[in-house]
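Both of the next two complexes hold chain A, though its partner changes from chain B to chain C.
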Partner chain A sequence: MTGEALLSVRDLVVRFDTPQGEVHAVNGVSLDVGAGETVGLVGESGSGKSVTSLAVMGLLPAPAGRVASGQILFDGTDLIGSPERDLRRLRGKDISMVFQDPMSSLNPVITIGEQVTEILRAHEQVGKADARARAADLLRQVGIPNAEDQLVRFPHQFSGGMRQRVMIAMALALHPRLLIADEPTTALDVTIQAQVLELLVGLTRDLGTALLLISHDLGIMARVARRIAVMYAGFVMETASTVELFANPRHPYTVGLLNSVPAIDDRGKALRPIEGAPPDLEEPPVGCPFAPRCAWRVSSCWTEMPPLRPIGEGTADGSGLEHEAACHNPVTAEEVRGAAPLRPGFVPAPPPAAAATASPEGPA
Partner chain B sequence: MSDAGERGGDGGITPTTDGALLEVQDLRVHFPITRGVVFRKTIGTVRAVDGVTLDIRRGETVGLVGESGSGKTTIGRAIVRLYAPTSGRVVFEGTDLASLKGAGAKQVTARLQMVFQDPYSSLDPRMSVGKCIDEPLKVHRLGKKTERRARVEELLGTVGLPARMATRYPHELSGGQRQRVGLARALALRPSLVVADEAVSALDVSIQAQIINLLQRLQREFDLTYLFIAHDLAVVRHISDRIAVLYMGQVVESAPTDVLHDDPLHPYTIALLSAIPRPDPEIEARRTHIVLTGDPPSPAAPPPGCRFHTRCWLRQKLGNPERCEAEPPPLASVARGHAVACHFTDEVRASPERAAVRVGGSSASA
Partner chain C sequence: MMEEAVVSAAAAPPKAASGWRGVWAFVRASWLNALAVAIVTIVVLMALVGPLLLGNKANAADFSAILQGPSASHWLGTDNVGRDLLARIVAGARISLASAALIVLLAAPFGCALGILAGMVGGWVDEVLMRFTDLFFAFPAFVLAAAIAATLGPSLEHTILAVAIVYWPWYARLARSQVLTLREREFVLAARVSGSSTGGIVVRHMVRNVLPIVAIQMSADAGNAILSISALSFLGLGAQPPTPEWGTMMAGAQDYLQTAWWFLTFPGLTLTFTVLGFNLLGDGLRDWIDPRLRGVLRGGRV
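Now for the complex of A and B:
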């Protein structure tokens, strides 16, 4: 899909300058979202998924956060280095965003009606009365009852689910071509989450809006995304169609994630967590950042981060979407179930310093 | 695990006379809504917990699942005496907790510990990890300084932290490490019951799995009994022997874990099961979702009759029968250890929605 992607992030590197030093938040991420496509970005805290999306929006907190290198192509135009005036026109109109916490993204002292009409009036020539009528329409579209009456109310008078609906109405008000939703349902109760997800997916499909959905929740990904990129420590570790990724995960981190989720269908199956903790992003990455926690690591993992490259024979769902992983020693199909390397005599490579002192243990 | 109370009409998680470590009987916790600063007036009541009965037997894990405002946290806090019940009883190891005062209370509550969701706000930021774990030992005068230090180190080891962590401060730890410290502190007094309130909810999945496994190991090692409170039914199901589902301060269904999953009978339970996204795109693709309409009503003004009737998908299908609005359904036993509070369990049984949830869910388990 390269070339014709609506959004194409190329080798994005984002750094944060902090008093403690430079934080390596995003370390060379490439990612495509086609027109009308739903792509999931999954990862844990600190994986760089939110920072990637903020970089796309040009909303990195200045001056600490900066794009150190890479390209963000939207419809062929590189957004990095574009004048702020152009970006402002783009945001809201062509690309918009929904955040996790609608309470902190809505202005608490301005009515819902004013906030929705503000978007319309900022980007289009519309009269006050027209804007108001359209705002009411938008609220109706996202399933808010008595829309006219709600326009004069303030955010705190809405429930969490309703606030998120308002955010979605605002984000889709101008029929953007790309919607970035960063953990849009994480703060909501499950039954409300189901409502909001259904709404988000239904509306973006009807409008032909591409959706970049960011979440830590693999269940939501399985429900919504067509394609998934798995992030860890600022790198994309694996990407594939959703069906392929769940059926045939190849990166040890993806396998670890899948084995960490309690599956409601097979209770009693022990969880196999990933040992250890994510790396400190203040240290510049050397080798694969997952190596210290990885049971499949080989000696080159300690020194060299492998590029994201095509893997496997084909995709399970015949979608033709490429399956790529950044791994020196990918997991085999038999090993996925056991969540451990099965090759006889395989021992995870010790860190380089230890390797120098320790005696070799069996054939690797 | 499944010889739960089979007594009278209240079934399910009911107080049985023997074997129960904790009995909660018709617990109500109401909070006044006040207005005014100088002249405080009570203008209403939030019925956070409104008539909950459950018992927990030694060595088992009971899961309490519900959404925000369901009262699950309030129940946990009333059990560890952070809230005083408005009415009802909490009986722990045969003693009514309300009757306890002074030293007796200290002794009993030592065996009743709580682990919170956010270990950062439940640990004192100015206290080192060692001091934090030492504090309960000190308060209860358990040993001399050197003995206590050894015990702190032992506890750190138990929860999988190196002894050198004792000198660190909470802000230096990761979320998973902090939760381990919270556990070590809870274990310091050798409790028999641990109330875990959303203990793994704030953690990343890979860390969450570590803590769940740790909780299970500790349970085996120290003969712990858990009341595991969470909103995530998948996690609750993984860890619990029995589950009670709460809605607006009341138990709507309770059953052994497998029964609740394979044979859910309350429309709300079915909606919850349906709402949970499964980490399996193939199941997700063929599964139908029941999407509840509307938000939960305010707990200050619970709807009359069945509290779920305003959002109930089954009631809508049945043409909104009057009975749901008029008459609160009692929590009635339908099978051994399985109790449901619904007027229309036969209709639930026959509904295709229930069948769809079960097919979507139990394709793997025979």
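Now for the complex of A and C:
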């Protein structure tokens, strides 16, 4: 897998130095995105999704954020430690990014046309007229009517959906090989979320651009991603093909996530939230970060974080994609529906004495 | 969502509010704005066309008409060597405006460049530059300007330089504070993600966003600059007689306050109103670009 992947993140560890101490934002993430592939990265706020993507771009907020260890291989080259000049050439041209909030990712005092041409001028020698024509083409490509007239308008004259279309046009302007979309539809009206998502997926497919889609929305993931990685507290907990992950989740956290999503055919059934709260990232991780909230935990969960390893008997969809989970005591197929351990006499392991004092919520 | 929209509108004055319609909307917003625009317009007209209308009589002494009060032939009277006060005051407008323009055009770009540098680079560069501006803030601005002007030697040019030297740190501070908030904005990150260089980001995103606020500071400072130049000239550090500078004229008029009230009063009033006009303009513009205040002002009219 590592050899052929376009983007291969290996054991990435990201730390933030804050006045309150060190924040353990990403704790050893491994992730592959193949050429032209659409991969979803799911997780709740603070799980390290966005930090991972900023690390890939080499744009962790300096000087607080730093990559403590690991590799980020793009097309075989390790981006960590690459000179800024090389990274800058890569950004926008080979890897680009769409952010969550199109309101704030456009400069309010500069015309749309100038902002779209900015990315062209950053990488190529283009004349003014040529750049304008290309900018208009790009806007047409993302379905903005009267593209020429729109070039002289300002961001506040556009709706949120239109602005996100502009951002997508800019991100795909130079036909990058990888697009990272960080919650690209979260800030939009529900009615246009689907349109924008469709546009994003359609264009990346047409251009052969790999898409790393970051979201907390499992519904979006189910629709577009071929493979999903589930993150929690800076770790990848489980990764599998989308079909496999929904049909046969093996990590207790994934099971909890899926059970907390309302389904249209389960009307009237109460949603099951995951009890407890995510861990404090200022504490260095000891054992599995999900252990305090987990009904399946065994005693080793408190002391040792299991590595991500192949699991199960193959995949439900026959895609051949590896199903991996980082769990000492994976959920069995029968237990998924009940969302509780079914083995007779199983009791979640109590925390060791030291962990009991460290974690205020204690055993669930 | 609504709030977001308001914030982005704040940084970008609507296109409809540019040009003459914008000026008209600004004037209608408050009577103080109208007063400010009126005064500044009159002073600018005095400077531009006044000498053309009145001829070059500012230094034409007429010993047959010494210290005459306001009359049909000399609307504002004459001074101690029989020069027409109106002609001198009008000629002074050109000197005052040119000095003020020079001061802000020297201080603002220099200060902004250093402020943007400090804000973008941060770290010890920021620390050194800001402690350097602290040095200037530690002294009363006028005293410092007087000291510099005196050291350089009395002349209008030296005074302009001296005032510009004490003004630039304000622009450095202003630009730095803007850059510190701007660099955290997502569109700067978006530009970096697009592969823009730091230089490109400074030119396209920092300078363009800082410019409106700096322009307003410049218009507010123009009034203070005129006052500083006149005050230094009054003290003999600036323009030298017979230059028709308002402060210089007032210095010469001190001895005649008992006998010829117009000699001191008219240059004084002109200076007062000019400074008032520019300060009101600066205040008005400051409120004007704050969209929340603009809403209140407009709402008050409806």
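To be clear about the criterion, the second predicted complex is superposed on the first by the 353 of 364 C-alpha atoms of A that agree within 3 Å, B and C clash if a C-alpha of one lies under 4 Å from a C-alpha of the other, contacts with A are read in each partner's own complex, and residues count from 1 in each chain.
Convention: contacts are C-beta pairs under 8 Å (C-beta built on N, C-alpha and C of every residue); 3 or more make two chains touch, one makes a residue touch a chain.
Just so we're clear, the structure is a prediction, and the values are computed from it rather than from any experiment.
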Practice task
Could you look at A:342 and tell me whether it touches chain B, chain C, both or neither (first, second, both, neither)?
Solution key: neither
Practice task
Based on the superposed arrangement, let me know which partner A:217 touches: chain B (first), chain C (second), both, or neither?
Solution key: first
Practice task
Give one of first, second, both or neither to describe whether A:57 is in contact with chain B, with chain C, with both, or with none.
Solution key: second
Exercise for the section: Please tell me which partner, chain B or chain C, touches more residues of chain A. Expected result: B
Exercise for the section: Classify the contacts of A:123 with the two partner chains as first (chain B alone), second (chain C alone), both, or neither. Expected result: second
Practice task
For A:198, select first, second, both or neither according to whether it touches chain B, chain C, the two together, or no partner.
Solution key: first
Exercise for the section: Please indicate which partner A:333 is in contact with in the superposed arrangement: first for chain B, second for chain C, both, or neither. Expected result: neither
Problem - Which superposed partner A:106 touches (first chain B, second chain C, both, neither) - result: second
Practice task
Kindly classify A:91 by the partners it touches after superposition: chain B alone (first), chain C alone (second), both, or neither?
Solution key: second
Completion exercise
chain A residues where the chain B and chain C footprints coincide none
Completion exercise
So, in the complex, the side of chain C touching chain A is made of residues 1, 4-5, 8-12, 14-15, 123, 185-187, 189-197, 200, 204-205, 208-209, 212
Handout entry: Complex contact set, residues of chain B against chain A
Key = 67-68, 174-177, 204-210, 212-213, 231-235, 237-239, 257-258, 261, 271-284, 289, 291-293, 295-296, 311, 361-365
Practice task
Write out the stretch or stretches of chain A touching chain B in their complex.
Solution key: 44-45, 159, 161-162, 189-195, 197-198, 216-223, 242-243, 246-247, 256-267, 270-275, 277-278
Handout entry: Interfacial residue positions of chain A with respect to chain C in the complex
Key = 57, 59, 63, 88-93, 96-97, 99, 101, 103-110, 114, 118-119, 121-123, 154-157, 160, 167, 170-171, 187
